[in-house]
Amino acid sequence: MADYSYTLLIILIPFFVFLLLGLFGNRWKPMVSGWIGTTGLGVAFILSLITAYQYFFAGAGEAYSKIVPYDFVWLSFTDTLQIHMGILLDPISVMMLVVVTTISLMSHWFSLGYMKGEVGFERYYSFLSLFTFSMLGLVVAPDLFQMFIFYELVGASSFLLIGFYYQKPSAVAAAKKAFIVTRFADFGFLVGILILAYFTNTYDFATLTKPGTTIFANAAGITFMGASAISWAMGLIFVGAAGKSAMFPFHIWLPDAMEGPTPVSALIHAATMVVAGVFTVARLFPVYYFQTPDVLILVGYVGGFTSLFAAVIAITQHDIKRVLAFSTLSQIGYMMVGLGVSHYGGEEGLGYMASMFHLFTHAMFKALLFLGAGSIIHAVHSNMMQDMGGLRKYMPVTHITFLVAALAISGIPPFSGFFSKDEILAAAFQTNKLLFYTEYITAGLTSFYIFRLYFNIFWGKDRKYEHTPHESPMVMKIPLIFLALAAAFVGFLPFHELVTSDMKPFETVTHWNLVIASVSIGVLGIGFAWFLFKKENSKPAAIAQWFGGLYTITYHKFYIDEIYLFVTKKILFNLVSRPIAWFDRHIIDGFMVGVGTVTVKTSDKIKGFQSGNLQQYAFAFVAGALIIVLSLLYYIG
Amino acid sequence: MSFLNLFVAVPVLTVLGIMFTKDLKGTRIVSAIGMGIQLILAVYLMVFYMSQAGVNNLHEIIFQSDSVWFPSLNIHYYVGVDGIASAMILLTAIVIFAGVFASWKVEFLPREFFISLIVLATGVFGFFISLDLFTMLLYYEIAVIPMYLLIGIWGSGPKEKSAMKLTLMLMAGSALLIAGLLGLYFNSSAEGGPLTFNLIEISKITIPITAQRLFFPLTFIGFGVLGALFPFHTWSPDGHASAPTAVSMLHAGVLMKLGAYGCFRIAIFLMPEAAHEMSWFFIILTATSVIYGAFGAIQQKDLKYINAYSSVSHVGLILFGLLMMNSTAIDGAIMQMISHGLMTALFFALIGMVYGRTHTRNVNEMGGLLKIIPFLGVMYILAGFASLGLPGFSGFVAEMTIFVGAFFHNDMFHRVATIIVVSSIVVTAVYVLRVVGIMLLGPVRHEEHLKLKDATWFEKVSTITLLVSMAGIGLYPLWLSDTILGSLQPIMEKITMYLH
Amino acid sequence: MDFQYILLLKHEILLTLAALIILFVELFLPQNKKRNVINISLIIFAIVAFAGFIPTAQGNLFGGSFQGSRLTDVMKDILNLAVLIVFLQSTGYLKKSENADKMGEYFALIIFTLIGMDFMISAGDFITFFIGLETASIPVAGLAAYDRYKRKSAEAGVKLILLASISSGVLLFGLSMIYGATGSIYFADIAKNITASPLIILGFIFFVSGMGFKLSLVPFHLWTADVYEGSPMNITAYLSVVSKGAAAFIFTIVLFTVFKNITDLWELVMYALAVITITVGNLFALRQDNIKRFLAFSSIAQVGFVLLGIMGTGALGMTSVVYFMLVYVFTNLAAFGVAQAIYNQTGVETISGYKGLYKTNPKLSLVMMLALFSLAGIPPLAGFFGKFFLFTSAASHGYFILVVIAALNATISLYYYLLVVKAMFIDKNDKPIAFFKSSGLMRVSLFITALGIFVVGFASGIFEYIMSISSSIF
Amino acid sequence: MIQGISIYHFLIVSSLMFFIGIAGFIIRQNLITILLSIELILNSVAINFLVFNRYLYPDQLQGHFFSLFIIGVAAAEASVAIALIINIYRRIHGINTDDVNEMKH
């Protein structure tokens, strides 16, 4: 077996960079911190590539195996139930290593220009490193609990990064929202883990996902409210996954999270953290597939609904980052659909492969879109589409790279998105027609909203800018170009030979009818966008007018945020928390204080017995004695 | 003489030393040296215990020393520690060490302040080293009383009232306790042998179940009052809010654990049958504590109230874990004692430091402090993360262990209780982030806050000590967990006897 | 009768001699040197008190009317010690000009009452007991009215003598019933013949009422606060410690020996009396401002705790009572000592007047705090041990509920003790009592009491000694 | 032993005396009268002792002696009480019970 011990460095380098910058970052110039962070990540990136090469290409053999170069007991609950920490290498984790380090490196690099001169530059880099560490820890987890631990850490570092501009109330609110929503989902995750581990007595992925395993036998026949115990467990774990991946109804945090710096959005909210949920489902895919197919269907439907729902909202938004955020939601929905419709093994596992493939390509082009957006925001100092237009003349490199990404997401061949999306559609077509049509419509909407964005930014009205926009510096352009190349060409990677549900390569069949259908709807979307937004005109407003209330509802994201706000602020805060605080002060504490008050009051009431009159004293004396005598006589006789 | 007696002797000598000092400078140096020595001793004890346990893989009670005190009643001065007690001693030493540094600037009657503080700590140390019910009670009450003076004299707000409430409620608890302990004593002879207060001896016999039914609730509630058992927790918010910084630290950090430790070490350990029988009732109470405290914290404005309610919630979790009566949950509960001790001490230290600067504890009057006092701000955020159970800090480890352990019960009642309790992690996140968001983040709310100075060196010593300890457990918990689990083995044998 | 048996009476003989010597010395001292009688009396009494510790034989005198044992010796020694401390604390009072003509009487009267108590403790029949009782109580009325010119003091004297008389009347009536039912006034004979007949119950309860008057058990306690308040403070201290201690001792002895056969019955009575005494004592103490009334009600509550010890019966019960009284001597005299020191210097005798005392007189405040904490039963002070053993004693007969009630009441008592602590340490005062230096003897007495508060608890030898001698008897 | 008069007659008398004494103590306002009531009580007890001795245990003398002591003590008590009452009278020129209730509550 090959030596993979260096993989530990991939995880630890970002961690030590985080500590270094966090503790001593203010001792030197900000730029130094930036370069330390970027260099560290560069090393990790190269090591990841080496890992990927060694894992996928250097080894010979039919199937890929699960390799565990590190594994130690971190905490033991009982003699058998222990949390392990370690590294698990299998196709998806190796792939994720590459994705995470690539996008992270690009973000680091891009930020060198984008964040230059910001207050807290070194803090920013230390947080980025922390996030990267957490994300890497998550993807290599050999153990469900390690995954949960890094879930939490990812959430926290995301909190820190979203709230980077901590003096901006909206950023703080967004950070809090992201953390609390994902935390709520993690609560589900945790309960799921508890249930699962109770029955299986293990957290180990290898044990859990072994096909044909008997460890679920303990749970046989145990049901609760119509679903089996394992279904509950896996469903709750999916809740956690849905929280991180911002699936409906946990999607509300993601658009707000755009308050963070744009490279952060590229890294966290496009390519890595938000796919953690997909990754989790993929990681536990055999369990879902063999033990709880009912939950897997749920995964598919949630994904399908979210993808359509988010695509519809994306059409109406004006903040370019929010459009991209909803686009991200939609695309992750695709991935969930891919998993939801997949079977296990060989060609049957097409959906699984496609989902992972889409995860990979999406990371590239969505990161590119975000970085491109960052480049644009950097130039025009605004997020809003209305402030943009005709930028193609000023920012040629950004323009071209953005176009590549837009084509990729729209599924136009030969760009990467085409391959992955097409395979998801193919898998859905074979299994679940409803999901297929949903995703098919979504594909059209996708190309429409992305080109609406594209045309509005780079074409549209020719407007005068106060400061003439200029192309970004070289340090920002390099990541754009790199990612554009990736977005253009990673589609040719033979994923079906690399990342499959049973880790055995298989051959894909091209369904030409589906290819034509999907490409044509993509083109249709682009054409429609071109028709509406190529030049400034009144058509979009007219159409919005025509949709009327529907448009307004969509623009307000179906008022989901408001519902949440109502539940938390009005119900939890005002109807639960406030009464509890009142109850505690006035009833419980009031009772305790009341005992004291009553004692003191009693003391005051009975002072008359001590009247000062010696005859009354004598009377009390004699009467007391007689009462005791009589009661005693009564008692014994 | 046992090595353990040093843990009482050093504070007593420190107190005597303080009596000979003249002013604040001398007083605090003597205190810091004394408590520094204490900390070194505590670390040595922990390391020594772990090495002993590691070599023999025998988790025995070490440094046992038994001398007769009142022979006619068979009262002994019997000391000895196992891994759990060592860990609690370490916790106490850390917190009091940090507390001394947090009180570096007590200008008003400094000698009296440090003497009371260290007397209090003496009681706590004494409690943890004792294995005789009488001496435990003795030290327990020693630890409670200085609190009145500390809050009453050096406190703030309605200090007399809070101090009185706190003292009386705790003493009322100890009233129940006295009866409970005497009940144990008079049922402690198996076959006509001598009565004994010796914890280990009593654990070897089975107390008659009828006696257990009477004395378990007395003992459990008696200790539970100090452990902020719902509904006997109301001394805690007022007491903590009025107490000076170091006292809040020590009280929430250590004293409340003393209650929980007593619940475990005396009530549950010696009377497992009744504990098992009545656990349902107390589980309801503690689960209520957990959720209730968390929700109670959400709407508070005073930082100390927030933290006090949060403590109610977290300590409720400790008792909840203990009542689950399996080694995993109890292991978690004990780790939670230590974890919460460190975390809440850090919180109170920080609140005191912030209050010392802004002169307000109302969160709504603060804002954007992170920019002005970054060190304290970052520490506060880290403490907050620890409080909401972020991995990497001790709280996560402890909470997860409790949850996992609690989930080993497979009946619906325990399940539902556990899930309700688990949901507190969300509520905790809400109130922690709310405070962080209002107080530290956002725009600066008051111009005059811009002039505030960041932490001084002694404040850094105080907070960093606590934070490092938390991270030390959070990053690599196995040393602590294994030590506790090892020490739990003999205890669990007794506790699980109810099964047979 | 062997001559050495006369040594059984050593306490009584020595005290009689001491009283006579003091009276004569005062008589023959020249007018300008009368003040020396104070020091002379102190020295004489100190010698007597220490001589009491010399061990002597045990046995009966006068055909069983007088019983001497190591246990009675210990009780008498405790009383001697208490009186010695009271004397040390009285000097400031006696040196006041208005007392110049009655210094010797003060010592003599107190010593006479002490002789009465000693006889009472050693009594083997009810005549000796009765004589002792009256010897111990009649002079006290004179002492209570010692400040003749103060109306309150005079009132206290009248209240005490009249109420004491009716209580002895009732007690005697009870004794006559017991005599009628058993045909003997000897303890040993009564103990053999006693049964739970109605006549005996009537007599017994009347006896308990009479003793309850001395002990200030509720509802026989009403004189306590008024007399304590009216008397000079040193007499109050004496009343609350010595009179009460002696009454507690003899009450315990009589219950354990004479009424042994009806233990179940009297435990029932004690149960009720204990609950009501502690509770009422506490409730009244809550709202007192005068330190003497405050300590009066607090002492009522304390006696309620003693009943818990009595209920244990046997060696443990006796030991816990004797030990508690020893602790109580130090504790209560420390509190009274501080109160006297302040009163003699400033005339302040209210708790509200103590506000801010710690600022000006830290040592006095500390001693007061120690005393109050010890009264409340806070470790590591002696009061904790005393109370714990009382509870242990009650628990040994299974009275756990009573222990809970009593301990909860101890919490209430902590409340009012803390009020005093709060006044001294926490409350602000613009015009606190100015700093002053108390007399040397007062400081010695406070040092002794403070030392006692610290040491008596930890020094298990004391408890063990009492235990060993009571086990040999019960 | 007197012919025709049983022990009960004596006991009834003594009990009456006792309770009359008690009632007098409680009802009469004058301190001197109260003192007289106390004498009644003590004398009733003395009668009790004598009667019990004579009727029930005629072969011993314990009751007689007790009565003697009671008489002696009663005298002492009365003298001290009178002295204190005189003292009160000097202070406030009144010897009613209402005059001696300054201290209360």
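When the chains are written out, they are named A, B, C and D in that same order, and each has its own residue count from 1.
Quick note on the criterion: a residue touches a chain if its C-beta (ideal position, glycine included) is under 8 Å from a C-beta of that chain, and two chains touch if they have at least 3 such contacts.
No experiment lies behind these values; they were computed from the predicted model shown.
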If you tally contacting C-beta pairs, which pair wins, A-B or A-D?
-> A-B
Centre-to-centre distance between chain B and chain A (centres being mean Cα positions), rounded to whole Å | 37
Averaging C-alpha coordinates per chain, one finds the centres of chain A and chain D separated by a number of Å equal to 97
Could you put a whole-Å number on the gap between the CA centroids of chain C and chain D?
-> 27
Once you find the CA centre of chain B and the CA centre of chain D, what distance in Å lies between them?
-> 65
When you check chain B against every other chain, which residues touch at least two of them?
-> 168
Would you please write down the residue numbers of chain A that are in contact with two or more other chains?
-> 596, 607, 610, 612, 614, 618, 622
Shared-contact residues (touching 2 or more other chains) in chain D | 22, 25, 34, 100-104
Every chain pair in contact, whichever chains are involved | A-B, A-C, A-D, B-C, C-D
Touching residues (chain side chain B, partner chain C) in the complex | 69-73, 75, 134, 137-139, 141-142, 145, 148-149, 152-153, 159-160, 164, 167-168, 171-172, 174-176, 178-179, 182-183, 185-186, 214-215, 218
Can you check the complex and tell me which residues of chain C touch chain B?
-> 316, 319, 373, 378-380, 384, 388-389, 391-392, 395-396, 398, 400-401, 403-404, 407-408, 410-411, 414-415, 418, 421-422, 425-426, 460, 463-464, 467-468, 471
If you look only at chain A, which of its residues touch chain B in the complex?
-> 73-78, 81, 83, 145, 149-150, 152-153, 156, 159, 163, 166-169, 172-173, 175-176, 179-180, 183-184, 186-187, 190-191, 194-195, 197-198, 568, 572-573, 576-578, 580-581, 584, 588-589, 591-593, 596
Quick one: in the complex, what on chain A touches chain D?
-> 607-608, 610-615, 618-619, 622
For the complex, which residues does chain D have touching chain C?
-> 18, 21-22, 25, 31, 34-35, 38, 41-42, 44-45, 48-49, 52-53, 56-57, 60, 62-63, 65-66, 69-70, 73, 76-77, 80-81, 83-85, 87-88, 91-92, 100-104
